[in-house]
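What follows is a set of notes on a single structure, which appears directly below.
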Amino acid sequence: MFYLTRRETFNGAHRLSNPNWSEEKNVEVFGKCANRNWHGHNFELFVTVKGEPDTDTGFIINVHELSRIMKQEVTEKLDHKNFNLDVPELKDKMPSIENIVKVIWQWLEPHLPGCRLHCIKLVETENIYVEYYGE
Amino acid sequence: MFYLTRRETFNGAHRLSNPNWSEEKNVEVFGKCANRNWHGHNFELFVTVKGEPDTDTGFIINVHELSRIMKQEVTEKLDHKNFNLDVPELKDKMPSIENIVKVIWQWLEPHLPGCRLHCIKLVETENIYVEYYGE
Amino acid sequence: MFYLTRRETFNGAHRLSNPNWSEEKNVEVFGKCANRNWHGHNFELFVTVKGEPDTDTGFIINVHELSRIMKQEVTEKLDHKNFNLDVPELKDKMPSIENIVKVIWQWLEPHLPGCRLHCIKLVETENIYVEYYGE
Amino acid sequence: MFYLTRRETFNGAHRLSNPNWSEEKNVEVFGKCANRNWHGHNFELFVTVKGEPDTDTGFIINVHELSRIMKQEVTEKLDHKNFNLDVPELKDKMPSIENIVKVIWQWLEPHLPGCRLHCIKLVETENIYVEYYGE
Amino acid sequence: MFYLTRRETFNGAHRLSNPNWSEEKNVEVFGKCANRNWHGHNFELFVTVKGEPDTDTGFIINVHELSRIMKQEVTEKLDHKNFNLDVPELKDKMPSIENIVKVIWQWLEPHLPGCRLHCIKLVETENIYVEYYGE
Amino acid sequence: MFYLTRRETFNGAHRLSNPNWSEEKNVEVFGKCANRNWHGHNFELFVTVKGEPDTDTGFIINVHELSRIMKQEVTEKLDHKNFNLDVPELKDKMPSIENIVKVIWQWLEPHLPGCRLHCIKLVETENIYVEYYGE
């Protein structure tokens, strides 16, 4: 079994704020991330697939094809977007990176020909990232 | 003459949109950066000062003091903020990184004891940055 | 199961020298790392925790809380310290990064509310790091 | 169990082109990577070994010894080489990073004293890498 | 005056070998870089332009336009190419990064609307880069 | 005029403490950097030379020769050393990076054949660096 990882980047805006809580409680829990007028990040998305190399190509998956799928299924939906307002799959959820990686998994998993999705890693800042393996 | 550089990080949201233009023209010029619901970045700020080392300390400026000044004068005003809505000095300007570095220069320049401000460098993504030397 | 990683940095000094060996043998085994007058590194510490996101916050753990715990339990004990002289838990051990990650695990493991410690990764230089999963 | 990783770098040239296919099909599948006159990369090789720290040294393996083995068994065979023409073990294979990591595993696995090979990770660009765990 | 820098990446193959010298002298001077079967690198190109921000856009130059020009004038000519064989402007020259940056300057300088070219920086490995300011 | 930069790395230990001051004053000014038992860093040294490319080689200076000179004149004197105790040129000075770059300049400047030293840049952490141009 071989594991191939492709990185794509995007940026977006979000706000962490629970609508069932008072503004005071939101600021207490989320700090500056609750700021009403949004803030944003440059996100790095690492998608890892697993499989055996094809004899003709030496590839688990053609990395240009994987890049195309990641752009079509993920970054076109998130890049330069407001995750709270513009992304239907995140509307009823807190747009934490934990919840975003699960949505990305669901977007990508049905679209990977000839290999299996292994891990979604999303880097929010140089100090914070989340990984999800589908279960 | 020695040049000392200190890095601080912050993140924020902005939108590039000229209020005198139609939405079509804004999208034509600014692309995704004109998106109505904002987007954001992790910014890296590099401040370079110049001077001669003090004989007692070996320092142009104490780097912890420089860090404290950068936080007080710059990152507290920009971190987790919406540059179009929350920053008075940017309200009448396009919040391009060119215009942001000039504002940062004006904030910092009066507050540097015993050395001179040399350069403000602001990195917006791994592929884009602006430098400004005060004139 | 989701995995969240937080990075903190610290620096310190150490020396690799086995007190039961001659200086010649120490230099033969440890090379420059045995130098009598110490040397040091900028260390990067990556702590990975695992759990399910909380419904109210979308978080496995609040990353600011994780950062606070890492500072209190780890970096305050190691930052700008001499690992051979200043850290009681390392005094009877070689301060290799293998032994340091085990100590960090023991410091952190009892203090993580609502999630489980998964991995301690300690980066000594851009070319060397160690990972430990608790067993 | 502890995991120690050492990075070494090398660069080389290769071409992705299946000799059983027409030039048109090669360009269709491999794009620019099929260019007849070669192209190349700076590769980063991360080798991870696992084991228990030795009581006398605190090391799974002496990292300078691991570096020496990586240079002798791997980078001397690949650095500044043409993988299609100069590397016998790759001559009958597509020199994809999937196939290169498997060859590196076979080169290194018999030469690691006192610890076990855990993972070979090969980074081709900042956006692409492959990992292999030996089976 | 403001300075805006844009990064693009490409990779290619080259060989350093003076046709007027013996193979022995080439190996003595250029070492592994003289290898007959080529080697290659991931190059990072940083282009810095200078000017005043436009009042309507806040930009010295639209960074997407700068990216488009860099791709059209530079990376399409160098990406996945053999610099000795495929690039007419380098055929009579040693394809050192010193000589490549001068060619890149000549390609880009006539194509920058509303601003002036300030610096071409070309990074060959994490340890080596060249800068050129046009004179 | 072309500018070529080479990076080398080293690590060392130091302490910032003015012998003419009380311990209280040293801690007040230097904070943790005054700790009696030393601390250390991974340093990155960037040396920039300037000149015209040689017609036969395309080089300002052979980068392998520059690397050899940097190792012989600088990193052998600083790597895995205690800057306060082991480096005669730093013994009467505070081992701040400002003072270290000046010493490095004096070590390197007489040893660069066929080109001129332009800049010494010394990076102490990802957040702090100093540059010196010889005057």
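Order as written gives the chain letters A, B, C, D, E and F; numbering starts at 1 within each chain.
In the analysis below, a residue touches a chain if its C-beta (ideal position, glycine included) is under 8 Å from a C-beta of that chain, and two chains touch if they have at least 3 such contacts.
This is a predicted model, so every value here is computed, not measured.
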| item | value |
| --- | --- |
| Partner chains that subunit B and subunit C have in common | A, F |
| Chain-contact steps, minimal, separating subunit D from subunit A | 1 |
| Turning angle required so that subunit C lies on subunit D, C-alpha fit (0 to 180°, nearest 5) | 120 |
| Selected from C-D, D-E or A-B, interface repeating A-D by over half of its contact pairs | C-D |
| Rounded Å distance between subunit A and subunit E, as computed from the means of their C-alpha atoms | 34 |
| Subunit C and subunit F: spacing of chain centres that average the CA atoms, whole Å | 28 |
| Junction residues of subunit F - those touching two or more other chains | 126 |
| Inter-chain touch pairs (all) | A-B, A-C, A-D, B-E, B-F, C-D, C-F, D-E, E-F |
| Residues of subunit E defined as touching subunit B within the complex | 1-8, 48, 53, 56-60, 62-64, 67 |
| Complex interface listing, subunit B residues touching subunit A | 9, 11-13, 32-33, 35, 37-42, 79-82, 85-86, 125-126 |
| In the complex with subunit E, residue positions of subunit B that touch it | 16, 18, 20-21, 29-31, 93-99, 101-102, 126-133, 135 |
